[in-house]
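By letter and in written order, the chains are A, B and C; residue numbering begins at 1 in each of them.
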Amino acid sequence: MNENEKLSPFHIAVLVFMSQMGIVVFTLPNSLAVYFGTNGWLFLLICFVVSTINIYFISLVFRLGKGRSVFEILERSIPKAVLYPVYIGLASVWILFGSMIGKKYVLLFQMMAFPTTNPMVIKLAIDILVYLLLIKGIYNISKAATFFFWITLWMYPLMFMFLPHFHWIRLTPFIFKEGHDMVKGGVDIYASFLGYELFILLFPYMDQKKKPMLAIYSGNAFVTFIYIWYSLTCFGLFSLKQLKKLLFPLLDLQALLRFPFVERLENLLFGFYLFLVLITVVMYLLAAQEAVRRITPIAKSHFFVFITIAVGYGISYIPKSIDQVNDWIMKLGYTVTGIGFGIPIIAILVLLIQGKGGQSHV
Amino acid sequence: MKQTPDVTLNFQHIFHQFEHCVDLVHRTFPEIHTDILYFPNLISKIAFSSMILEPFANIQLQEVDELFKQSQFVEVFHSKEAVVGVLEGKAAIFNQGKVFLIDIYGPKDRNIEQSGTETVITGPHDSFGESVSTNLSLIRRRLKSSHLKVIEYSVGEVTKSKIYILYIDGLANMNFVKELEHRIKIIEIDAVNEGGVLAQLIEDKPNSIFPQYLRTERPDSAVSKLVDGRIIMLVENSPTAISAPSSFFEFFSSPDDYYQRWTLGTALRLLRFLALLITITFTALYVSVTTYHYEMIPESLLMTLVESRNRVPFPPVYEALLMETMIELLREAGARLPTKIAQTIGIVGGIVIGQAAVQAGLTSNVLIIAVASSAIASFVIPSYVMSASLRLMRFGLIIMAGIWGNLGLIMGVALIIIHISGLTSLGAPYLIPVAPMKGTDWKDIFIRAPFSQLKNRPYQTKSPNQVRQKIRK
Amino acid sequence: MSRLLAAIIMMCMLTGCGTEQRILEDLGMIQTASYDLEENNKLRVTINMPVSATDSTIKKMLLTAVTDSSKEARLLFSNQTELTVVSGQVRNTLFGLDLAKAGIHRHVDTLLRDTSMSLGVKVTIINGKAGELLSKNYKQHSETGQYINRMLEKRGSGNGIMPSSLYQFTRDYHDDGIDPIAPIVKDTGEDAEMDGIALFQDDRYMMKIPAKKALIFTLFKRNLKQGEIIIHLENKKNPKDIVMLSNIMSKRKVKVHHLANNRFKVDISASIRGSVLEYTGNKDLVKKEQRHKIEEEISQYISSQGEQMIKDMQKNKVDSLGIGQYVRNSLSYAEWKSLNWRNVYPQVEVNCHAKVLIKNYGKYS
């Protein structure tokens, strides 16, 4: 990879945004209403703060490690015999998480438009797209992500069309009332912010002269903005109990859109979310690939990519219903959240120890 | 160091090489012991008489050596050189064991005419022709700079076609020039007849559906590419100039955009991107909506669509493919036939068949509208090569929409984007300035900002001299 | 190579999906569905589907079934026609008055579960039997389902009877500070007519605002961008004075005052601006004072009508204006929860304040 093929800040921001944003947004207002009740959208601000802290950890690793790959940092102090199984574990979690997100998208589309088609056929097609994207490498993925970003950007302002029906009065002045299981729900909802944590693996690909960390922060901020924008709209358009009953409030909203030539855009718009889902899935698989690459260089080959996707595809056969997939995603989400906080904290500790050791040598 | 002539460098040997070439002429001037070989069809009669006939007729034997010291007579030392020289329209002059070549090339050429494929409404109407010297002259007379450099290569083992690489020293990035030279040097092929052939031979991804180099027939457009810092290639006997590196979005701009006021130019640009959207998705959307997503049709259009579909015996996807194929047939027939007959084809095809197909119940009239508008939209795109690629892609999207409706359509689009985002043109990203993102270049891509705003050369060219203008406003 | 393989696999998928297609002309697209209560708690479902015949005239197909649930009716309909009956183009659902009185939420719920149904589908109450009205052919008008749908859309804004959609209905149904409303349509023989606004308590029809007073109701319910109303000024001298107020634009404001003992006083004010196109009284509109006089009379009329209406609503315990929302938002969560709004509501003292401004009075004085 030559010098001009480093990721510029804009591309990092877009990649962060595209990896975080996914189909969760369709269920997000509903989960917020169910778990947090009135003004549940405010919880997103808490999520934003937490994710920002996590990114701060990542940027600490970046600063202390002077942009070195996090694997290099770990491998200098921790024996490989310990690390390799960890890498395998990380890779499997990421592969699973990625393929479950893909499966969920497929199941939702199946529910909407293709009730009797075998969802695994659609999943296969999506996995082919993932494969084609993944073999192109991070730089081309970032280019595709940027293009996807621009052609999906028009969807977000569509919410303006509901402004006449928006009433603050429906928000009520109560905060987090009529919710339940807020801790479980909080972790669950936090999973919709996941995606930024993968970028700790991508230090070597970043243009280090151009503030890559700021890009991660801003990508995260933009995601938060879109989430709040969507959720706030939903809370102001629907009454709380109604929102609790609408499993996919965003789909219902999009179904209300009417233009002179076309209406009921939810199918088409949901289709556009394929772009976001693609990048999310690809980024998780890429992270898995990066982890395995530390063990064997085979990971760079097309064959390995093929095997990765095939394994993910095979496992996504297991959960059959949307509920089962949600269950998987929830549990994996906990793990991925843990990993998201774990890696930077361990890396910081390792760096501190290395720093002390280094000083004592001098 | 004086070169020694090789042993085969004599009249007999060279004359023998041209055996059975009845169009070769051998003239002798016995008074000065001189033989001349040339192809009369390749030379200019005037040049021949002024540069050879007149001096040779009025010369004394002892003055001959002095005459050949003049610079237009180039002495050659290898018989191969002499043969090639004759083939290139030079006259080979044999005098006392020495061989000279004199360039009197000047066959009949087509006049400078209007471009057939890239017309503009205002602006210069001349276009490149088959004569590469005319083409060079069309560029030189627009670009009076000694920095305009021309490198010559010869490609094609049989045809020995000349290729000229043009660039502006100080504006073009020399890495691109070197890369291009390298790619041309390694071509090994019997014939390169056209710029289009050369473009394919030096493409980064020859299997891609997208053209990776912009081609133009317009000298003004070629000059503006040169000034952007790009490289222009001209091929002998071809009216096509190739510009490199090119970005996908360049294919949607026309010189007209700059010759009109910027508001109009901007509107035209936006119109073309709308055309891009329509041409690749409109028919596919029709298929997807009528096959899967009936709920997307507004109430006011519903019965119109149902009625028009009612008598059609095929599923929408076959119906659409049928009509798209019809349109392509019409277009191809129109392109191959003389203009007058092509008009008849247009009427017969467009009006008669279209009308009859609807009345016979073979297609719905809404589809006819969809197909026709996407065909028209494809012709809005200034580059013929790009518009042909887009039309081909449309078929893929129609099939995808026929399989999975909107999801299929989006998957098709995703496939295209994944493919296109990996493309490069001469090593430079094809999707620049969108991906990688260069916001400042958007001013000359999706809109055509006023000239006072277009301060820099496109980022893609990596020009060593970025600043285009310093208008103070 | 891999790309080629991918393309081939994608093409192969073509074969795997024949049954999924919903080709336009093979569909029976329900345009309007109507629901009536039959004996033994059975449900009579009537649907109409516009179908295009081969001679390209549009006909409608009417299907009826008496079942236990609306989805069961769908299955029966599929057995009655060669077309695939789908619900993605439903525009309007009609509920007979009997059913509305019994409660319609159970049916609305099933409608919403259907992924092809949008929240934009209208909810309309029929004063009478919905199925009968839908089956009727109104000679002067287009096909019945379409006729009613368009009437609701076009006329709705003018007379204050706004169409209600599943979105609005369920939103207000689920909200604890407001009750849903829906327009009522009735059959008048030659035509169908917008009869008024149906007010629900939860999902049960309780009372009706007649069409004449619908606009006044709407003035106190929300901001209005367009509307017209004829007002009979109850003047002692001349009881037949008529003012017609057109191009009405109004803004509504609600203020909640807390009184002792969990009692509330609510002020609803509407500032109304409109032009007078007809006035039969003897005052001169050009003269400022007299015009103000008329403005005041209109204001008073609207306020008293509004208060009367609210009294009726309080009697029936329906909070269609959403006063509860404002009360709720003025309380703390615990206070609101300890309050049984349904029982408190009838005791709330509601005052209506209309303020009318005559923007202009035409081009002829």
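The definition used in the following text is that a residue touches a chain if its C-beta (ideal position, glycine included) is under 8 Å from a C-beta of that chain, and two chains touch if they have at least 3 such contacts.
Here the structure is a predicted model, which means the values were calculated and not measured.
The most centrally placed chain, judged by C-alpha centroids, is A.
Of all chains, the one whose mean C-alpha position sits at the greatest distance from that of chain B is C.
Separating the CA-averaged centres of chain B and chain C is a span of 63 Å. Per-chain Cα centroids separate chain A from chain B by 44 Å. Averaging Cα coordinates per chain places chain A and chain C 41 Å apart. Across the assembly, chain B contributes 292, 295, 297, 404, 411, 419 as residues in contact with two or more other chains.
Taken residue by residue, chain C touches two or more other chains at 3, 10, 13, 17, 20, 88, 118, whereas all remaining positions touch fewer. The residues of chain A that reach two or more other chains are 114, 125, 132, 258, 264, listed in rising order. Contact residues of chain A toward chain C in the complex are 38, 111-112, 114-118, 121, 124-125, 128, 131-132, 135, 169-170, 172-174, 177, 237-242, 245, 252, 255-256, 258, 264, 302.
Partner chain B is touched in their complex by these residues of chain C: 3, 10-11, 13-14, 17, 20-25, 27, 29, 31, 50-52, 54, 56, 58, 86, 88-89, 91, 116, 118, 146, 149. Of all residues in chain B, only 290-292, 294-295, 297, 299, 302-303, 305-307, 309-312, 315-316, 399-400, 402-404, 411, 419 touch chain C in the complex they form. On chain A, the positions that touch chain B within their shared complex are 8, 10-11, 14, 109, 113-114, 122, 125-126, 129, 132-133, 136, 140, 142-148, 150-151, 258-265, 267-268, 271-272, 274-275, 278.
Taken in their complex, chain C has these residues touching chain A: 2-3, 6, 9-10, 13, 16-17, 19-20, 88, 112, 115, 118-120, 167, 170-176, 322, 325-326, 328-329, 332-333, 336.
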